[in-house]
Amino acid sequence: MTAPIDVSVLVFASLRERVGAPRVALRLPAATPVGAVWDHLPEPVRSLPPPAGLRYALNGSWTLPGAALRDGDEVALILPVSGG
Amino acid sequence: MTAPIDVSVLVFASLRERVGAPRVALRLPAATPVGAVWDHLPEPVRSLPPPAGLRYALNGSWTLPGAALRDGDEVALILPVSGG
Amino acid sequence: MAEGPRVHARLTRGALALDDLVAGVADEAHGATVTFTGTTRREQGPPAVVRLEYEAYEPMARAEMEAIGLEAARRYGAHVAAAHRLGPVPAGEASVGVAASAAHRPAAFAACRHVIDEIKRRAPIWKQDVHADGTRAWQDGLPPVPVPGT
Amino acid sequence: MAEGPRVHARLTRGALALDDLVAGVADEAHGATVTFTGTTRREQGPPAVVRLEYEAYEPMARAEMEAIGLEAARRYGAHVAAAHRLGPVPAGEASVGVAASAAHRPAAFAACRHVIDEIKRRAPIWKQDVHADGTRAWQDGLPPVPVPGT
């Protein structure tokens, strides 16, 4: 019954290209866990299985998929990295 | 009964300083082993015990103390190294 | 000398200068400096890779590189400098550089190795291979993006 | 690229240039380059070491460095470049430098480490510490030379 929250989702690499933008604004139920964000992304992304090794950052720090989102949060979806 | 041989001994670092020259000419019995050269060096060197880890080179290649010297050979006495 | 470890971490769109990284870890009490440079290998493929394009979650990539540098610095008594390029990097040019100095060489080697291994494992940076035939492939764990119109 | 390992070994009386060593191991097929630089630590002592003086059995030192480089090149598929200074080296300057490149980083690290470890262990090169008070001490396994007149 609590009000929905607005969160911002940062996406990179091929996820950014599929989404068509580096950032997606989502309105979600209060306390949505970070790990559920993927299923709210626009198609064609949400039909893809999230890749093994997907990590999450919340407001610039690593977090776990169970962390509950709050209004104004910024979530980053960190695909398996390939720097170096 | 064979004729004595003339060999040249190269010395480095503090051994060179003690000897007073980078090279010593020695007349030795034929087939003197490389490992016996130390005992023929001028004083004050030959009274010192040879340092642990002393190695030998013969005409520019590593050799063992038992190698027999021949006339005209060049022996190098390789003290424990400290490069790097 | 006794001021504790120094850690520099940088993302840059320009060429990497190994000398700058080495200068960043200089210390009169450190007798050993080890560097690592990672370069795009041209013969990857086919099709041949002509360049890479790197993208990062920049604030976190920098923070993660600093955290990794600090781990190595504390564990090995090292100073650490690390830089990673972003944007296009032609094949044959360096995309990442690390320098680590310590009093003695085992610690300098271990610190440098830790930093490059962990940057590759943890820093939120992604590369896209750009091939001679114009095709591109992100290395990010997702299947290739379908080419539009096919 | 497929021409087999390259090994450069050099003794020099001038300052070492890391860039030259790195250039000597460049290869489009090698994605990883590791360097080692060894520098005189100023705070050794007391008394403080103000410089080192290096001496070598030059032809054998060069040959031994080449042999060591070739061992690493063969074992790790690496290119190797190594340089050692002779004569006076002020504290804070590099006395030895090694660069090794290989396709991947474990081999590049291992090759560089092998070369510096073995140069220190085997190459016929000796150093003399020169202290701030003017005293000198060869590091060659012999007891200190008695000071004349004492």
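Labels A, B, C and D are assigned to the chains in the order they are written; within every chain, residues are numbered from 1.
In this text, a contact is a pair of C-beta atoms (placed from the backbone, for glycine too) under 8 Å apart; a residue touches a chain by one contact, two chains touch by 3 or more.
What you see is a predicted model; the values in this text were computed from it and never measured.
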Fewest touching-chain hops separating subunit A from subunit C: 1
Separation of subunit B from subunit D, taking each centre as the mean of its C-alpha atoms, in whole Å: 26
Separation of subunit A from subunit D, taking each centre as the mean of its C-alpha atoms, in whole Å: 51
Per-residue overlap in subunit B, given as positions that touch at least 2 other chains: none
Touching two or more other chains - residue numbers and ranges from subunit C: 38, 116
Those chain pairs that satisfy the touch definition: A-C, B-D, C-D
Sites on subunit D touched by subunit B in the complex: 38, 54-57, 59-61, 63, 84, 95-96, 116, 119-128, 138-143, 145
Residue ranges of subunit D in contact with subunit C within the complex: 1, 18-19, 22, 28-43, 91-92, 103, 105, 108-109, 112-113, 116-117
Interface residues, subunit A side, partner subunit C - complex: 10, 12-18, 48, 51-54, 57, 60, 76, 78-84
